[in-house]
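Multiple structures follow.
Two complexes, one shared chain (subunit A), two partners (subunit B, subunit C).
Showing the complex of A and B:
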């Protein structure tokens, strides 16, 4: 059985009777994306055609998601590029002079010019960068405005340009059900003040799971904020979905079930296994991060946010939903080399927690695949390895905060504000390519529900000291991990392996 | 006839050799090997001047392919490393439907490389650079070498230039873009000098659009008098193509081009010269491929 193992892969044996859940095969992509986009803009859901909303003399802002989506980054052209080109064509035809494009980063790192160019394409980049195409800065006091409070007391902030626009067109790519909808504007164009309203331990513990918006306290909060934003500014939402063709031809075996591997797939696997076993981590990282996913567009919807997002979720579920019967005592997961917050950087220990226990564990509807008190087993090398440019606050978080405690409530109370307001982290977030000072906290909070739910968490192949610092148990082999799990779940436990990525959403009966 | 008659044999052979030596001595004596040319005589070549070469070989295959390789292997990477040029307005020269004249300010030998670096491959391949005939082509070897690298052609800047303007217009008419430095020579301090009216005359005569180009920073790379380049950042700002207005004289049009180049040097973007976003967006529209196209 193939297990992702950071920038590598492992072959493991699972106990007899183990259940393996595979992601569905990629859906057939739309043959003519440009036509589908034109159609969606011409006949939006519960809104007027985009063309009729554009007029000479208006202030138009186009906002779009950053490079944390999709994963791995999409092979050019990115679907957001195709959508934005169509919107800009319409704006040019209508004679809209005042147009700005903003990368909705939220508290993520600033992208490099080449990364922005990859998302928007050459034509948009050449025309607008850097005067009219730029990135959101959640710490610029002059570029953000406070809009008000929701009925639940959540503060709402928004990028000033967006707030002052006659129309904001948001171009989103929804890879997983957590993305899109009101969350796009409420986090992408907000400041720390607005984001902390839902990115906190209490809200995330109440999100069962945040991959299923109706059961997610996080999304309820974002919806309330989004409605306030809609009262302030006219928003035209465009959402796209892609299939789960996540790996290029060279790594196509990762896309298939092991029993379906051809001789070529087996040879590719063996080649990659030898390469990843022998090559130094930095070299492997460069090779892995150069991979571009040949995603295909499966749906594009435009119009009013809620109407669009309902359709989008339907399309996403059609691609990634898998029916799973009942819960299990042990869940095994291979943590891959890439998560939303380490594009072109190593996955540091905090991000391993975020990816494995935050994201992968939460890919369920109704109830987790793992029973309450069960054992979650992850495979990842989990090295003490940080990118000083992208993750400076993560280094301090690991060295200072996790050395003190792993209790998320205490961490939030004691440290979050100090990190968020640290002038050096603020400076790096604004001027360099660093994640915000509060970001390592959020990355850790994502795992709050998983940590709370699991009786034990074991990381196989991880550096012992690092795994212990994270508050988990370390095992050298999967057999050892099963042996250790017996202490929690007893002899002869039921085991389920979730073979992700490509991603899937377990619909647990 | 007896052998001693004197008409044949060794006697005749001796006579022939003697004659030849005599002739050689006469010629040698008559030839002014090292004596100066009498100053009263007219200058050689002035009365019947040799026609200036327009270096047509440099615009033919296989020289074009060799130049492509030289530029992509040496010139462009070197320019990138030395100055990492920032280019604005490349959209205006991306898809040129007809030849244009690039009129740029001139403060350094690095100007030409920076302009060529700023052009697209398609435009660069069809671009010739006007190089001062009295500077670059004084030594034929140097002139030919520079032509091989940069596709230059000799351009007289010393007046009486009808012939040169004629050859320039011939190049434009045969589909070549032309890089001109209308200031005539490099500025000493980096400031823009007055433009000479040749550019307006050429544009008027051939109906060719002029693309104003401003280069900032080249002066720091290789100012006049410096032999070797130094690394320094540069920016090339390309404006919208300009065409002479109806009844606009050459001097008036040149003045307008000069004003445009001066305005391009100013810090914020110049939408009236660089185009509104809508104009630039349209200029960047991908070409629609038609059957039979490469």
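Showing the complex of A and C:
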């Protein structure tokens, strides 16, 4: 059985009777994306056609999702590029001159110019960068405004240009059900003040799971904030979805069940295994991060945010939903090399937690695949390895905070504000390419529900000291991990292996 | 050149002087530098040859009184009256008259041809140099009173306040005792010790460091502790902001060069470890308007109402449990092994390697 293992893969034997859950095959993409985009903009959901909203002399802002999705990055042209080109063409026809494009990166790192160019394409980049195409800065006091509080007391902030625009067109790419909807504006164009309203331990413990918005306190909070934003500024939402075609031809075997591997797939697997076993991590990383996924557009919807997002979620679920019967005592997961927050960087230990126990564990509806108190087994090398440019606050989080405690409530109370306000982290977020000082906290909170739910968490193949620092158990082999799990789940546990990525959403009955 | 052999017993240079029979005598970093030829030539004219090394001494007077020796050879010891201005201030380590009086040139016992030293059976001392050791203090603890007094003096010169972030660079004897002294005499907001070896890390924590970090992490950790900004240049980092006070207890150029780059502008770097002829980039000292100050020896402490540093050290010693830092002990005859051990003390998990001279009197 194939297990992702950071910048490598492992073949593991699972106990007899184990259940393997595979992601669905990629859906057939829309044959003519440009036509679908034109159609969506011309016949929006519960809103007027975009063309009718555009007029000479208006202030138009186009906000778009950053490089944290899709993963791996999409082979050019990125679908956001196609949408934005269409919007800009329409605006130009209507005589709109005051157009700004803002990468809605929230508290994520600033992208490099090349990364922005990859998302928006050459034409837009050349025309607008850097004066009218730029990145949100949640720490610029002059570029953000406080809008008010929701009925639940959640503070709401917004990028000033967006708040002062006659129309904001949000261009989204939804890869997983967590993305999109009101969350796009409520986090992407917000400041720490607004984001902390829902990026906190309590909200994330109450999100079961945050991959299913109806059951997610995180999303309920974003919706409340989003409604306040819509009272402030006119928003036209455009959401796109892509299929599950996450790997290029060279790694096509990862798309398939092992039993379906052809001789060529087997050869490719062996070649990759040999390469990943022998090559140094940095070299492997460069190779993997250069991969572009041949995603195909599966849906594009435009109009009023709730109406659009309902359709988007429908399209996402159509691609990634898998029916799973009942929970199991043990769930195994291979953690891959890439998550939303380490594009072009190593996946540091905190991000391993975020990816494995945050994202991958939470890909469920109704109830987790793992029973309450069961054992979650992850495979990842879990090295003490950080990117000093992208993740400076993560280094201090690991060295200072996790050395003190792994209790998320205590961590939040004792340390979050200090990191968020650390002037150096603020500066690196604003001027370099660093995640915000609060970001490692959020990455860890993302795993709050998984940590609370699992009786034990074991990381196979991880550096022992690092795994222990994270508060988990370390095992050398999967066999050892199963033996360790016996103490929690008994001698003959039921086992499910979730073979991700490509991603899937387990509808657990 | 170090030579092991018989030498005549030192004569009492003047009336009132007394014989001290060393019980334990420590091997100091400065001794190792002298033996290894790394000591600064600056010290050469301040030394008379041949001399018997050893200035960290606990011993007995002829009447059986247990004493530690305060080795500075200032005006008072040399019988010079009036005292030079520095000795008058209570700073015999800075004495102008170390070439005068009835004994040969020398800053300290252990570097003077006429006094003998702790690595011998007998040394001679002026009454002002000997301090009675309380019965409750073991020899193993008392042998560290001299370096501890140096560190108490350094801590008081640093003058940390409760609002300061203090870094102690190095965790050999001087580094560890500086940690203890700072914690006891000038407790700061945060005391960070930089230690290389596991035993050193453990001891630094026990002696009062709030945080113990590895040398490679010093910029990262100090930056965080002080919410400074870190800039990475061509081959070195620097902090904008940083530690308020740094005690440099290694005495190497690399360590001093780092200290001046992570100590905040207007801050203080106290050189406690004995430096040699070191090359340091002075640009940081200049641009950051740092106060770089030495902390040598002891005397009387103006910040403690002029009390003797040795007395302060003796009083504080029980709280520090100095005896835990002493060992292994070697006989004089095993001096080669002892010195080799001392040169690798940190790596071998030791702090203060010392000679045990009790066997010589049996």
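Things to note:
Here is the rule we use: the second predicted complex is superposed on the first by the 509 of 509 C-alpha atoms of A that agree within 3 Å, B and C clash if a C-alpha of one lies under 4 Å from a C-alpha of the other, contacts with A are read in each partner's own complex, and residues count from 1 in each chain.
Note that a residue touches a chain if its C-beta (ideal position, glycine included) is under 8 Å from a C-beta of that chain, and two chains touch if they have at least 3 such contacts.
Keep in mind it's a predicted model, so treat the numbers as computed, not measured.
Judged by the touch definition given at the top, the superposed model places A:95 against subunit B, while subunit C stays out of reach.
When the shared chain is aligned, no partner comes close enough to touch A:414: not subunit B, not subunit C.
In the superposition on chain A, contact is made by A:126 with subunit B only, not with subunit C.
When the two complexes are overlaid on their common chain A, residue A:366 makes contact with neither subunit B nor subunit C. With both structures placed on the common chain, the touch criterion links A:396 to subunit C but leaves subunit B unconnected.
Looking at the superposition, the partner that touches the larger set of subunit A residues, subunit B or subunit C, turns out to be B. Shared-chain residue A:43: touches no atom of subunit B or subunit C. For subunit C in complex with subunit A, the touching residues are 217, 220-221, 223-224, 227-230. Note for the complex: subunit A touches subunit B at residues 88-89, 92, 95, 97, 99, 122-123, 126-128, 131-132. Residues of subunit A that touch subunit C in their complex: 395-396, 399-400, 422-424, 427. Chain contact summary for the complex, subunit B toward subunit A: residues 90-91, 269, 276-278, 280-282, 284-286.
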